[in-house]
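The two complexes that follow have chain A in common; it is paired with chain B in the first and with chain C in the second.
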Partner chain A sequence: MKEAKLPASKAKKERLSKFTSFLFVLPYLLLFLAFLFIPLVYGIYISLHDYNLLSSVQPFIGFENYATIFNPDSAMNSLFFEGLGNTVKFVIFSVPLLVAIGLGLALLLNSIPGKLRTFFRTIYFIPYAISVSVVSIIFLWILDTNSGLLNMYLMDLGFDAIPWLTKQPFAWISLIGATIWWTLGFNMIIFINALNEVPEELYEAGAIDGASAWQKFIHITLPTIRPIMLFVIITSTIASFNVFGQPYLMTRGGPGDSTEVLLMGIVNLAFEERELGVASAMALLMSLIMIVISVIQF
Partner chain B sequence: MKKNGKQIGLIVLASVIGLLFLIPLIWMISTSFKNDFEAIAGGLNWIPENFTFENYLYTLTGDGVDVPIFRWMFNSLFAGLAGTAIIVAIDALAAYGLARLDVPFKKYLFPLFISTLMIPFVITFLPMYMQFSNFGLLNTYAVLIFPYTANAFGVFLLYQFFKSFPKELEEAAKLDGANKWQIFVKIVIPSAKPIIWTLAIFSFMGIYNDFLWPLVATNSPDMRTITTGIAIMQQGSFTSSYGKLMALTTIATIPILIVFLIGQKQLIKGITQSGIK
Partner chain C sequence: MKKMNKRWSALAVTCSAVLLTACSGNSGVVEEGGGDSGGSGESSEITLWAPFSGPDGPFMKEIVDEYNESQDEYTVNFQIVPQTEYYRTVDLAVNGESNMPDVMVMHGDQMFTYAEKGIIRDLGDLMGDEISADEYHPNAIEGASVEEALYGVPLDIHPLLFYWNKDMFEAAGLDPEQPPTNREEFIEYAQALTNEDENQFGYVVPTLWPQEFIFPTIVFQNGGELYADGEVQFTSDAVVEALEFERSLIDEYAVSPSDVQQDGEVTMFLQGRSGMHMNGPWMMKQWEDSGLNYGVAPVPQLGTEQEGVYANSHNFVVPESVDEAKLDGITNFLGYVGDNALAWAESGQAPASKAVYESDEFQEVNAQSPEVAKQFDYVKFGPDVENWGQATSPLMEAVNEVLLGQKDAAEALEEAQ
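Entry: the complex of A and B
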């Protein structure tokens, strides 16, 4: 009798233990379902409907929203692909600079004395704490054609005023400059950490072989930090793909539509024209591109 | 000698770059103390000629325009603090459960949660807008708080910590008759304080500084956050009053700058740990 009862009570105890353990995960699981899983499914659902918020019915239309985006004669086609083109331009211009200058600053900080290093690291990192709207408004002011700080100095030196935000290529230069100022610190921090992980012995061995600083950088530093480098490139690419606030506030997509990035187009379509169906289809396609980029990492 | 010269050169270079990073902020503060006339005249005076507090008085008292700046600041701080508290509590529970307890299906749950780190916000923000809209919850605090709480970053960060946490402490407590909850509250959480601070700083900055979501999810003036509020002012009644705009951006930046300077170490730890795969 006793022997038969023991396993049963043990199984019961185990079930109870599993249940109480599950309670630890339950709150997060609920939030996960409500604010990640359901939106994901709901987003696909919306993208398969003619989902105009101003209309009283939102009929199912299958893949028509996607077909419109890929139909070269439709306005949605140019909206999506021109927006995507502008976003890709921003990525291509900004990522190499964000990575290279981030690494450059990390190398610079690593070669100055410890106390100063911490001090300058803080200074370079400060802009990262500021919100994109504050960053954009500060740069709007500095880059103002008539009374901005930058043009005042240029004119002082005898140059003409430059229309930083209303003519290309200056508009791109301004957006990328502001972005670099804002987010560079993040990459720099990761690189500083990666550089500290490079084993000192490797450099010592290099020094014995008579390697110059440049050779040590190319043959020792770069190969060692390669995985981190890849991580920084991917995260910078994803971050730049999400660009919205800077062109939304600084150039408002101009001059013309030249800086109207994809996310701006999607937001406009959804919240100005209330065309949520097509906008969701575009958002899904854009996300797909970003997911593919981040999968490369693994 | 040669080495010293090189060191000095590098320090000078670092200082010049440091100045480039600080100039926009110094100019912001300097402009905030100039009257609109002096600002627009575009002089290069770093110290305002006619030093004035009028921009701060004007924006803070809302004279002439309806600028509920205190309300915006309160919204941002409240959403930031409440969101952070929820994230920390819920992520710690989930991460501990997945790392140490006999949670059913944890082999599948953890990879499922972590894989969502790759899901960009773009994919969820439109349907999430509709979800809140369907329940009539736009322009509430719920909309400014809950969407941030499903992020798996904290679960990932704390999971790594709990995995490497020594088992002995837990086992000793178990022998003393403590249950899971008591062990979690009395032993695990106190030892995880530094990493929890890291998550808290990260979360607070993320919520306080977010722009796109509060921009689309709120439209009543009372429910704006400070980051979206100043953007609205820039496109509206302050459009070319740079003195007032700079006062507004200075006010918006002060709280987050304080958090940043206090929590810098934790922030750096979080960033470097997110880079370790």
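Entry: the complex of A and C
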């Protein structure tokens, strides 16, 4: 009797434990459903309709919104592909810098004494905690062509004022500089943790074999932190693809429309022109492109 | 050591959380007075939405509070929706067919779109004893009308305004009480005020906002239109001339610095390095707060043909979906606002109701509002076209590139057409 009872209670216990685990996952699942899955499905639904926010009817039109985007004669086509081109430019310029400088700073901080390291780590991380509007205002003041801090110093040193936000390539340089200052801390923290995980024995063995610092970096550090590196590259790419606030607030897409990134166009289309159908189609295409790029990076 | 790290990152996370909450504190609908729900019957409570999240909010609240105290029959529940989210919030309420206000404030340039879609109501049947069109400036009524039908009760008209720095005028040997009135004087004053060695300029030409107000103003003054006969007129002589004139202030006359960035002209005016400035009446608080010794006047005639100034307006509109039982209360409230909008003038705006802008108190309310009202007779609004703001975005891009010296005026406008 005793033996028969045991498995039953064990099974019960197991079920209970599974249920408890489920409870722990539940909050995330609910948030995922509410803020990601349901909006995504709804977005797909909207993208298949002629969805003007103010119209009383929103007829189903199949893939017509997507067809418009790919029709070279439509205004939507140039809006999407010019915006995409600008976004891609931003990604290509910013991601390598975000990764390389993040790693460089992590290496630098790891090689200085403990107390100082914590101090600098905090300093470098603080900008990440600031909202994009504050970052943009700070840089608008620093970079102002005619009264900004940076140009004041340049002019004191006898250089000409540089139109940081109103002329290319300076506008891109400024946007990317501001982005690096703002988000670098995150990558740096991740890299510092990764570097701490590299087994000390490997360096000792390397030192015995007479490896130089560079050789240790190439043959020990880099291979060990490879998975983390991949993570940083992918998250940086996704974050850069989603660029919106910096150009929206600092250049307003200018000069001309040269820094008008895709998300600016989509948000404008959705909430100023109220054309949610095409805007949703564009947003979904953009996500698709991001997914493909992330998979390729893997 | 590890423990220490954790503590630091915890601190960083806390800081970020604090900053995030601090920054998001502004969002969402803010309930402002009224709203003692339950006390009075359903039909007597009127919900009013407005985008007055700036320094203008308290003045409208004052009017509403006084209305609520002045009588017992109706209660107005005033809700401020942040300006940047205003039309999005309205659109989502329209789309969801729920939570629509009974009255809302709408900009003149938005009314065509909402009237065409049948979202806001023709107010012709509300005109009578309590409100009538002839109590308002005729241009305000025109601005609140769509194809001859009145869709809004005007609150104010806000045209472009001219500001100048009196201290700089004095230092340049100009009469600090005498603003320029035409193009010749404007250029002459600007040249007198400019001192490039001191990094000081007569007039700083913005390359982005508020060109949406400045550029059409000069086009109208040139006798031109941005939109006529069902199409945009970006390549007409009046439009090209307006843009060439603005560009000439930078290169030919050199009274403006080049490569002005977003808000750069405001910064320089506040720093006392720009003698003259053009912007909307909403800037008054910023000038006051900075302690600038400034003057305010109608915009000089910078175009070659006639007086004119681009303006937008605030109007009270009523959604088509409104409960008919509330119309009496709405009419009563709007009638009251028309007679008692002096508080709105304290924000630097000029109410469009004759009872206010023709009164003696209005002349005394501040230095700015009477100057705004002086322009009522020749204001011009954006054309009645759906999403006009959007239709002008290629034009504003062209203006931006030309004023940055990166394109030729005629060529850029040709591309925008």
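Just so we're on the same page, the second predicted complex is superposed on the first by the 256 of 298 C-alpha atoms of A that agree within 3 Å, B and C clash if a C-alpha of one lies under 4 Å from a C-alpha of the other, contacts with A are read in each partner's own complex, and residues count from 1 in each chain.
Assume a residue touches a chain if its C-beta (ideal position, glycine included) is under 8 Å from a C-beta of that chain, and two chains touch if they have at least 3 such contacts.
Every value quoted in this text rests on a predicted model; they were computed, and no experiment measured them.
With the C-alpha superposition on chain A as described, chain C and chain B clash in the combined arrangement. More residues of chain A lie in contact with B than with the other chain of the pair chain B and chain C. Contacts of A:20 after superposition: chain B is touched, whereas chain C is not reached. Looking at the shared chain after the overlay, A:284 reaches chain B, while chain C stays out of its contact range.
Contacts of A:272 after superposition on the shared chain: chain C is touched, whereas chain B is not.
Once the two complexes are laid over each other on the shared chain, residue contacts for A:143 go to chain C alone; chain B is not touched.
In the superposition on chain A, A:131 contacts both chain B and chain C. By the document's definition of touching, of the two partners only chain C reaches A:254; chain B does not.
Using the contact criterion defined above for the overlaid structures, shared-chain residue A:71 touches neither chain B nor chain C, since it reaches no partner. Once the two complexes are overlaid on the shared chain, A:212 sits clear of chain B and of chain C alike. By the touch criterion stated above, A:165 is placed in contact with chain C alone, chain B being left untouched. The contact surfaces that chain B and chain C form on chain A in the two complexes overlap at residues 122, 125-126, 128-131, 133-134, 140, 144, 146-147, 189, 271. Residues 7, 10-11, 13-15, 17-18, 20-25, 27-28, 31, 39-44, 89-91, 93-94, 96-98, 101-104, 106, 109, 113, 116, 118-131, 146-147, 149-150, 152, 155, 179-181, 184, 205, 208-212, 216, 227-228, 230-231, 234-235, 242, 245-246, 249, 252-253, 256-257, 259-261, 264, 268, 271-272, 275, 277 of chain B are the ones touching chain A in the complex. By the touch criterion stated above, chain A contacts chain C in their complex at residues 53-56, 114, 118, 121-122, 125-126, 128-131, 133-134, 140, 143-147, 161, 163-167, 189, 250-252, 254-257, 268, 271-274. Taken together, the chain C residues at the contact with chain A in this complex read 1, 4-5, 8-9, 11-13, 15-16, 19-20, 23, 87-88, 91-92, 94-95, 113-114, 117-119, 199, 204, 207-209, 257-264, 267-268, 271, 273, 387, 389-390, 397, 400-401, 404, 406-407.
Looking at the complex, you find that chain A touches chain B at residues 14, 17-18, 20-22, 24-25, 27-29, 31-32, 34-36, 38-40, 42-43, 45-46, 105, 108-109, 111-113, 116, 120, 122-134, 136-142, 144, 146-149, 151-153, 156, 181, 186, 189-190, 193-194, 227-228, 231-232, 238, 241-242, 244-245, 249, 263, 266-267, 270-271, 276, 279-280, 283-284, 286-287, 290-291, 294-295, 297.
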